[in-house]
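Letters A, B, C and D mark the chains as written, and numbering starts fresh at 1 in each.
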Amino acid sequence: MSAGRDVPTQMIVAMARRLRDGETVFYGVASPLPLLATRLAQRRHAPRLTPLNIPGGVGATPPAPRSGSTVGPDMLAGSPAVFPLMDIFDLSARGGLDVVFLSGVQIDPTGAINMSAIGDLERPRTKLPGGAGSACLMPTARRVLLWRSRHDPRSFVERLDFRTAAGNVEAVVTPLAVLARVEGRLAVESVHEGMTLDEVRAATGFPIDPVGGRGAGVPVTPPPTADERAVLDDLDPARVRDLEFR
Amino acid sequence: MSAGRDVPTQMIVAMARRLRDGETVFYGVASPLPLLATRLAQRRHAPRLTPLNIPGGVGATPPAPRSGSTVGPDMLAGSPAVFPLMDIFDLSARGGLDVVFLSGVQIDPTGAINMSAIGDLERPRTKLPGGAGSACLMPTARRVLLWRSRHDPRSFVERLDFRTAAGNVEAVVTPLAVLARVEGRLAVESVHEGMTLDEVRAATGFPIDPVGGRGAGVPVTPPPTADERAVLDDLDPARVRDLEFR
Amino acid sequence: MSKVVSLAEAAALVRDGDTLALGGNLLHRIPAAFARALARAGRRRLELVKTAAAYDVDLLCAAGAVATVHAGYVGYETHGMAPAYRRAVESGAVTAAEHACTTVIAALRAAAFGVPFQPVAGLDGSDLPAARGWRRIADPYGRGGEVVVIPSIRPDWAVLHVQVADAQGNGRILGAPYEDPLMARAARRVILTAERLVPSADLAREPELTQVPGFAVAAVVHAPGGAWPGSCHGFYDVDAAALDEWLRAAREPARLAAHLEAAR
Amino acid sequence: MSKVVSLAEAAALVRDGDTLALGGNLLHRIPAAFARALARAGRRRLELVKTAAAYDVDLLCAAGAVATVHAGYVGYETHGMAPAYRRAVESGAVTAAEHACTTVIAALRAAAFGVPFQPVAGLDGSDLPAARGWRRIADPYGRGGEVVVIPSIRPDWAVLHVQVADAQGNGRILGAPYEDPLMARAARRVILTAERLVPSADLAREPELTQVPGFAVAAVVHAPGGAWPGSCHGFYDVDAAALDEWLRAAREPARLAAHLEAAR
């Protein structure tokens, strides 16, 4: 993986930059990328960020989890409190959660996700793992940041087989681009270095335009800076961030 | 106070004897008598009793509280867990609480209680402290044991000024007698040593009969045994049990 | 990043008319010093929420700071009724919004869960639902009968006195939690007064004991003896003499100022 | 008075068709040894309840012990889908009663609170309410709009693996509680497996850490390594090699017996 096309690092950096200092931000299961994004933001522009996770870490400083699990005991590292999953859901429900990171096996043009089933829900062709807390978090968290480790027409679809969750999606970070939700519909905010708008369109299963409109140009996602890379290498020397891409 | 007419001791003993081994039993605010009844039962016939209290004691062994408060830190003495008030209410709500001890400023012929107000609730002539958890506990706990440190026509009334709570009352222990609820109405189960049925009737603000019916006889409440007295004196050497009667 | 302020600064956060959930229970781990600071600051028209209250609610009633009390019990157990509260309710100066402790909890749960109402078991045969206008809802799944639902109460503030806190507002409660953890979740913001302030790293050694997470906390006050004349588990017991003195003072409005002065 | 029994004796308490809430989360502090004991005992038609599950639910599906899974997520995070669960659902052998983790919690809360249903915020735009037949109720106090209410799920058993317990069933959880304390309250009875058994007096020194009170517990099993191949906070981490081995075995039904044998 060349430095010029380090997709996981580019995605983490794009996710981290959207976090604002002082926010509460939750990541759930299978979330090494969001975990690293919150750690990176804490170390750079958002020292007062409060990441929350399933075991109950509050502003914790967990290591990149070699097992790939973001639900284990190490998530409490450095946490002065235990504020577990139930509390986080309630926090979001009452309007107190600023950001949630979520993913979807299918994502539609509005940013709604399917994590439940391909085919019929009752007797699926392919059973998916389920949406975890997303059905309640997406409509109640202030800002939903989606990520997806693949960008292809099977992931970005015109119609979901099942609409597991929908809500306050702000952006979707993919291996190719950052998509933003503008007036209820995903649009290309930026393409990662080396990618083109046409490549993004070809990889997306529905028509998609730049944020500025059909004919507008699309900026390049600012690539990771040397400092961002250095901090990430320090946080994740074993490159746990590659796990989702294998 | 002569040994033959030690009212608090007689009442505690009558309350303790109704507790069965293995039961869960809750006492709330202002409950030195129930506290001592549970301690006495634990020490004698019910070693596996699980008394619960507001601070969260589970099978705790608190001292008789000199302050008269059954809500303070000492209530956790010896407790292996903290299972606080909210949990106790939920336990009762789901059918898991065997016994609750409650009191009432007014008690009606059905065992319903008023702890809210004399006169109108909105603009009371006399504001009472409130029924604490009784409105939810009385209908949901399996057995409700009431006690009242006075037995007079102002306490035992035909009509409550306000019906704070009603429910599964099994018995009322008073300074004069033990009243049992039979077919929905209080009746005299036994009179304490030295008392007569006529004295109980005169002190009760509604017509009341023996459990056996209007013409039936009424047994004497078995007085405290020497061992019961000895255990109580050990548990309560400072006679906290007299506080309610001053 | 420190949220540590003085008692007076914390009290100044509260505005006339705010709704406050007060932690602790009766005379135990109550935010007594904070209640006195509110009284000194001359707050008015407060709505107070608590399952079972004694000194804090009574003192604020004595100070004329209260419009409404949502509680299941207000009194001093075997020491009798709350004199100032009782006088204020009987005169019509304060509205007693009579609850069961259970329904206070249900109202706070609804707020904490972000829902408009909370079903609660029991209340059969009680005059409370009719008096308070609480509605019954049929189980839409046809398995139970009807259940009473309690409307949410979302306090503007939870004011809690804890044993240990850090400067970011992470709070540790030892012994009885009472309803404090729920209040910290139901309220919009939290004010902590604490016996001891410690570095966050100390809390991180046993994070399970921290029931109040710092991010919801607006202010932390170092207030040793902050529950006096009540008790604080692990620190001090009820001050029986001071309590007797207060109970006499609570019967005579003129003596409030002396009590507030003596309690500094 | 001791409730300590063997793993097999505890498993024998569960009957075919019972509903079980399984503690822990994914591969962490899960009742894995107990799940294997149920598989060995040949239990059938179980209903399993959990917010986010991996090995325990997958293993019981592999063993043919399961009728229905009520869960918000079943999978191995970055290690992919749960093979046996997926196969069982796709073949129709097991019903996936799709939930959000949030609605599992709501269903358990309703049971714990003794009410028939629990309102839950969110779910707007989701197909889940229609798919599951969840109803919306208008706020009878006219302050909000409609809210989805989730019917209660009252498990027959909560099966929890904890770090420390006493012989009476008081259980202490270190680190993440996940939904275990709620499960212990929602279920009719509780079965604990524990890394360590200690005298009650040890728990009494820090009673705040005991989240499961003994009176609701039917059986306590001394089960060191009881969460293997998962982790147990303070005791051991996930056994990555054993997990890989299991994930291969889960794809081939014939290899289940060998896995159960090897795990003794």
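To be clear about the criterion, contacts are C-beta pairs under 8 Å (C-beta built on N, C-alpha and C of every residue); 3 or more make two chains touch, one makes a residue touch a chain.
Note that this is a predicted model, so its numbers are computed, not measured.
Shared contact partners of chain A and chain C, listed by label, are D. The interface with the greater number of C-beta contacts, when B-C is set against B-D, is B-C. Of all chains, the one whose mean C-alpha position sits at the greatest distance from that of chain D is B. Chain centres here are Cα means. That of chain A falls 27 Å from that of chain D. Per-chain Cα centroids separate chain B from chain D by 40 Å. With centres set at the average Cα position, the gap from chain A to chain B is 58 Å.
Shown for chain D are the residues that touch two or more other chains, namely 113-115, 120-121, 175, 177, 208. Within chain A, contacts with two or more other chains are made by residues 56, 76, 82, 92-94, 140.
Contact between chains, per the stated criterion, is found for A-C, A-D, B-C, B-D, C-D. Contacts from chain A toward chain C in the complex involve residues 24, 47-48, 50, 56, 58-59, 76, 78-83, 87, 90-96, 140.
The residues of chain C lying in touch with chain D in their complex are 110, 113-121, 135, 137, 139-141, 143-144, 147, 149, 151-152, 173-175, 177, 208-209. Note for the complex: chain B touches chain C at residues 29-30, 32, 54-56, 67-73, 75-76, 82, 84-86, 89, 92-94, 112, 115-117, 121, 123-140, 162-167, 243-244.
Taken together, the chain D residues at the contact with chain A in this complex read 25-28, 51-52, 71-75, 77-79, 81-82, 85-86, 89-90, 92, 96, 98-103, 105, 120-128, 131, 175-179, 182, 231, 233-234, 237-238, 240. Every residue of chain C that touches chain A in the complex is listed here, in rising order: 1, 111-115, 154, 166, 168, 170, 185, 200-201, 203-204, 207-208, 210-216.
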